[in-house]
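Order of writing sets the chain letters: A, B, C and D. Residues in each chain are counted from 1.
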Amino acid sequence: MDTRRLEAFSDGVLAIIITIMVLEMKVPHGADFAALWPLWPVFLSYILSFVYIGIYWNNHHHLLHAAKRVNASIMWANSHLLFWLSLIPFATGWMGENGFAPAPTAIYGVVLLMSAVAYWLLQRTIIREHGQDSVLTRAVGIDVKGKISPVLYLAAIVSTFYQQWLAQALYVLVALMWLLPDRRIERTVVESRERDD
Amino acid sequence: MDTRRLEAFSDGVLAIIITIMVLEMKVPHGADFAALWPLWPVFLSYILSFVYIGIYWNNHHHLLHAAKRVNASIMWANSHLLFWLSLIPFATGWMGENGFAPAPTAIYGVVLLMSAVAYWLLQRTIIREHGQDSVLTRAVGIDVKGKISPVLYLAAIVSTFYQQWLAQALYVLVALMWLLPDRRIERTVVESRERDD
Amino acid sequence: MDTRRLEAFSDGVLAIIITIMVLEMKVPHGADFAALWPLWPVFLSYILSFVYIGIYWNNHHHLLHAAKRVNASIMWANSHLLFWLSLIPFATGWMGENGFAPAPTAIYGVVLLMSAVAYWLLQRTIIREHGQDSVLTRAVGIDVKGKISPVLYLAAIVSTFYQQWLAQALYVLVALMWLLPDRRIERTVVESRERDD
Amino acid sequence: MDTRRLEAFSDGVLAIIITIMVLEMKVPHGADFAALWPLWPVFLSYILSFVYIGIYWNNHHHLLHAAKRVNASIMWANSHLLFWLSLIPFATGWMGENGFAPAPTAIYGVVLLMSAVAYWLLQRTIIREHGQDSVLTRAVGIDVKGKISPVLYLAAIVSTFYQQWLAQALYVLVALMWLLPDRRIERTVVESRERDD
């Protein structure tokens, strides 16, 4: 079974997640610029989450691109990832509407942490299906970013109760770290294909 | 006519159903963890329904994968299934917001029951188009899980008025039963192809 | 330019239209069956509109399947159709929440009428691109149903101010007429291909 | 890496943006035509934004059609465009609900302006990947419309504080200018292919 329909379904869910988040940005009642002011935290949360979903779509794209076939375990590992990502609009809305208060900020971190764990599980499941010697295994390599991110999320979750803004800084830091896309996979696949030719 | 666009449309509808359910989880007004507490039944309902939609997507994927062509009856049987599945967010929201009260729990069961009936009808319609001797017919076989599920849904619908939590236990049981994906079809298709080679 | 991406975009929009309609069915506050009672008109409107969107998806599928290429006029004729169809959730919600009162029922008819006109325009635009002698032209033929429907919508729009339920009966009648899918196109395409072989 | 999944994801996001805008058109409480009257500005805003999203989908389709491969920069330039377009439902809702008041009209213009800038950046990024001599570069040419639009948006943003309706007229003007689709790319690609044959 190929990866086509799994990609299509994931694209659909990610496209909806990224778009319904904007529905949390309720149209203000006033008609002047002052009416927009209270929306700043909601808007900043939206940008942060938009970037995170964009990163997941990007990395998911590369990961599935390197995969050749899909089995039931991969399907469920993928659904598990989509479940945690589907909670991002809720966590974003709660954090934004409360001006980055500690509890919502911590929950936002928990959702990011669980998404990272779910992505790691999906990666493991795909590698197991394709064998330790596959292109994919070599491409993922030691996966430094994938190992640092959960640690930083944990640090953010704890720190928000002491230094509210430290957590936000850490979320932005992880996002920036990932904005540099997962070229390892891209490069290794290309190299491997060139070697095969 | 091939199955491509039917799959794409179904993927779209299922992706939206699974995602808009999270909109029922309204962002709470308080900014502390206590504000999340009343959301537990809504969250549990969301997990249950997310798993159910995931199961339907998974089985739908396998079923359509085994199908070779689509006619008007299959299209309408598919739309009929999507109709019942589209009511799951409503039933989930009603059940979650009322803490698994009997009436919403029963309605949730009715929606699951009708979805199961609609899936069975779709399966029948596809088999009729492909002939009794087709790979698909052998793959579906006696379909034990497809026959047990409606009985358990019915039991849940009745039981909720006597033992509120028994219904939830039955819904979870059926979900667990199906989480083991429909490998019969997968396996028979593979075997059949190998035999043909 | 082929029809693939036009189909994908239309599938996406139709999948969302058909799914967000269910959001108009607000979760009731009570936890007993009586709380569902006021939702009957909303539910009936939802079924009617679900069937209509299903019919449009079905016919759109057949129409685009017969088309071979897409130009800018076809793209805009398609967007024009999607515009009117996108108003169906609004019209459905207004009609349902007001128990099929005359004004909402008339507006619902106007949206259906304009959708039918837009579909006819799309059909014309595709035929013009493919030439009068194409398979498509022969397939569409004299298009009896496409000519009767607008007349019945007009009759419904006028009648609702005199006999409220006559309009609903006419909407159901048109839907039933179309549920018999557009086999003309399907058949003619198949025949034409067999002749070419 | 080919453009298929980028197109699919963009189609999904654009389909959702164009459809959720209609959710801003809240079902009115009254059941007579008078209840529709206050919705006119919302409806007009919806039409305008629907046309704009349609134009972006159309041009995006042509641009990606001319592209042959996708890299990480193109993916992020595309996400950046989708970000600004995702704010259109919010800006549309705010402008519509306040009867085209100056501040919301200016914000609407800012979102259109930033979308135009993001589209221009995406175009640049794709051209850089494909080389200055590519079909695409020749097709885009001097891009008069792409250069005039931001100027007109700026004029609209400033003018709305002096002549409220001038801004709307300018938005309509730019939309009309683009409704004539980007045939340059289409034509040059066709010519180039014919020359290659």
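What we mean here is this: a contact is a pair of C-beta atoms (placed from the backbone, for glycine too) under 8 Å apart; a residue touches a chain by one contact, two chains touch by 3 or more.
Worth saying up front: this structure is predicted, and the values here are computed from it rather than measured.
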| item | value |
| --- | --- |
| Distance-maximising chain from subunit D - centres being C-alpha averages | B |
| Same vs different contact residues, subunit C with subunit D, by half of numbers used | different |
| Rotational angle, Cα trace of subunit B fitted to subunit C, multiple of 5° | 90 |
| Between subunit D and subunit A, distance of the C-alpha-averaged centres to the nearest whole Å | 26 |
| Centroid distance [mean C-alpha coordinates] between subunit C and subunit A, Å | 37 |
| Of all residues in subunit D, the ones touching two or more other chains | 8, 12, 15-16, 20, 23 |
| Subunit B - residues contacting subunit C, complex | 1, 5, 8-9, 12-13, 15-17, 20, 23-24, 72, 75-76, 79, 82-83, 86-87, 89-90, 93-94, 97-98, 101, 103-104, 107 |
| Touching residues on subunit D, where the partner in the complex is subunit C | 7-8, 11-12, 14-16, 18-20, 22-23, 25, 27-28, 31-33, 35-36, 47, 50, 54, 57-58, 61, 65, 179, 181, 183, 186 |
